[in-house]
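The chains carry the letters A, B and C, assigned in the order they are written, with residues numbered from 1 in each.
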Amino acid sequence: MNDLNLQTGQILARVRQQRPLVHHITNFVVMNDTANVTLHIGALPVMAHAAEEVADMVRLAGALVLNPGTLTPDWVESMLIAGRAANERGIPIVLDPVGAGATPLRTEANRRLLGELQVTVVRGNAGEIGALVGAGGEVKGVESVGALDDPVAVARRVAREWGATVAMTGEHDIVTDGQRVMVVENGHRWLTTITGTGCMATTAVAAFAAVEPDPVVAAACALAYYGRAAELAAEEAKGPASFKVAFFDWLYNMTPEQAEQGARIRVESA
Amino acid sequence: MNDLNLQTGQILARVRQQRPLVHHITNFVVMNDTANVTLHIGALPVMAHAAEEVADMVRLAGALVLNPGTLTPDWVESMLIAGRAANERGIPIVLDPVGAGATPLRTEANRRLLGELQVTVVRGNAGEIGALVGAGGEVKGVESVGALDDPVAVARRVAREWGATVAMTGEHDIVTDGQRVMVVENGHRWLTTITGTGCMATTAVAAFAAVEPDPVVAAACALAYYGRAAELAAEEAKGPASFKVAFFDWLYNMTPEQAEQGARIRVESA
Amino acid sequence: MNDLNLQTGQILARVRQQRPLVHHITNFVVMNDTANVTLHIGALPVMAHAAEEVADMVRLAGALVLNPGTLTPDWVESMLIAGRAANERGIPIVLDPVGAGATPLRTEANRRLLGELQVTVVRGNAGEIGALVGAGGEVKGVESVGALDDPVAVARRVAREWGATVAMTGEHDIVTDGQRVMVVENGHRWLTTITGTGCMATTAVAAFAAVEPDPVVAAACALAYYGRAAELAAEEAKGPASFKVAFFDWLYNMTPEQAEQGARIRVESA
């Protein structure tokens, strides 16, 4: 567990070699961006949400992303069908609880997904993660506003209560399975100026989880790689849109060596 | 009402300070772009369309965008639910009647929204605005083709008939509440080469209306700021996609001082 | 049939002069990109999927794109309604069988569209085209993996079996009506690094088919123009996102003369 920076490069290389399919049932806002990010990382994306096909589709996949960011009840049903098929086959599920805490529908839908499925990783901001255990934090639309008193404690509590690895992203990212705690120090404030950067981080976690069985390692390394690409892109950005172009280019261009050298993962609790 | 250029900068500064949530029920084509534009202006976006949550979501918002650009009847029902909740709380509604005039479904849906809700601002092109009162203009898909004989008269008539401020965008933008008429001379022809620039203008109007109670002032200033960003971006554009990147960067980078200095709003009727 | 390179420039010029409306019933992932590509080519896009309006909308159109990339059964019904209205009026239909072969729902939906409608052109990758006649090929999500033994023979068989021109895209593109066979040698590997490049190629084919009655000529010339833009863009690309910006800019900026000079269409069988 001490050489996580090294593993960041190794897992990235494995993604590019194995090209796992990442099946997304996700929101309308980010579908294009997350499909592109999946390709740039080196995996293959598919977006499919029909109840009639999600079980067939997920069986081809290396990981399943569930992101109820523009949810309606029928989409949640499709997520449950796909999630059960994934669980049966041991395919990792990464849940992005977009806007949990903002409305009862969102909070309940995310809790239901966590309750009925064996979710591998939950990736959200502090407000969303907090809402999964009623632990304060404030969500304005899909944005976390205000701060948690003790984010590590909340992340740990969510991990234990729902039996999933938690990846709480923010200025620093916290990854925990309730026991181990990793802090990822990569990232850049430009990520807050464009939409969907949380959803894209979730995609990165899913692509890494498709080839790395330890979800804490997969999530921490994915977020380090992702944050490092943002740091490199920031040097070229003139504004949020030129940042996004450079960021996507770097997700694609970053070599495993650059990922290893740039990752800054700190083991807070082993 | 004479210092509208000054107010353009002031309202932009207020948006960035207050960061209002702009709740969109909008079309699939532009969801990503309008979410990004909301962030670049300085506000917070949320896209939510489920009948089960729209009333909860809009209560957190500073403005509501209704854009039936890829409408189905159930989305129109959600728009009505959200719109009623917005009206109860005095939250401004900005309607974008995409493709009104192209099909009976679109024309009727937009008239129904205008009839059942108290809409604050209607932002559309000449053909769409004309279709709201059966005043000619031609809509090919979602594009206004042909010209109105007297666009100011049509805009005024729509404003009076539906009790809403009208923002009719085109080479010059006309903003009227039926009485006052403002003409915004900012903008650039590159805006016609990419999709969703009307929808994004609607988002700008909503963000400004969230912090400025006079809808005529909010709409005129938002369109001046928006058009000014296009003018600045045009200097860097090599084609429509590089224009879009530069345009989004300028929406974010423009200072209130630059907005004030660049705005060209003419009071045609006070 | 020998001067297809010349015709590439001529048809592009006709698109820009006539500005046909291209009605898309397409997937959520690419709606924004395909709307932009439609505009950059010189045509007008509209995205409309409601069963209540698709027949009205398609009557205004020069071509109809059917792309069940994120299909649910109700969308397929809308595609059938729109397709029948298009057939009645002789409006060309271009089908993009996204992910055919990946799940039974997708394979069946695409076969049903081909069976119940008179489709003008089917544009897909080798795996998808093969799946339409159960001819092997492998589809992982929406990606063709593995290779067909004899792609020309499969394309011809699909064309004959379904009575449609087939445009099978890949490193080289094959266009056939079952008899004539054209090979388009334009294109660039950067196209494989971003999502939706197949769907956007379909849009190009539809825009060309709206103004050119011979579907083999329309498809081959559209793909040559499209691939040429990718080649020109590749010279400026630093990664997939900067490639995409340059590619969209070149779709817009390419003159008919540049299209004619850059097209590389080979007549394999006249």
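Observations on the structure shown:
Assume a residue touches a chain if its C-beta (ideal position, glycine included) is under 8 Å from a C-beta of that chain, and two chains touch if they have at least 3 such contacts.
In this text, all values refer to a predicted model and were calculated from it rather than measured experimentally.
Because subunit A and subunit C carry the same sequence, their contact can be compared by residue number, and under half of the numbers here are used by both.
In the CA-based superposition of subunit A onto subunit B, the rotation angle is 120 degrees, rounded to steps of 5. One inter-chain figure worth recording: subunit A and subunit C are separated by 33 Å, centre to centre, where each centre is the mean of the chain's CA atoms.
Contact with two or more other chains is made by residues 28, 32, 245 of subunit C. On the side of subunit C, the complex with subunit B involves touching residues 21, 23, 28, 31-32, 35-36, 38-40, 44-50, 52-53, 56-57, 60-61, 244-250, 252-253.
Considering their complex, residues 27-30, 32-33, 69-73, 99, 102-106, 140-143, 193-196, 238-242, 245 of subunit A touch subunit B.
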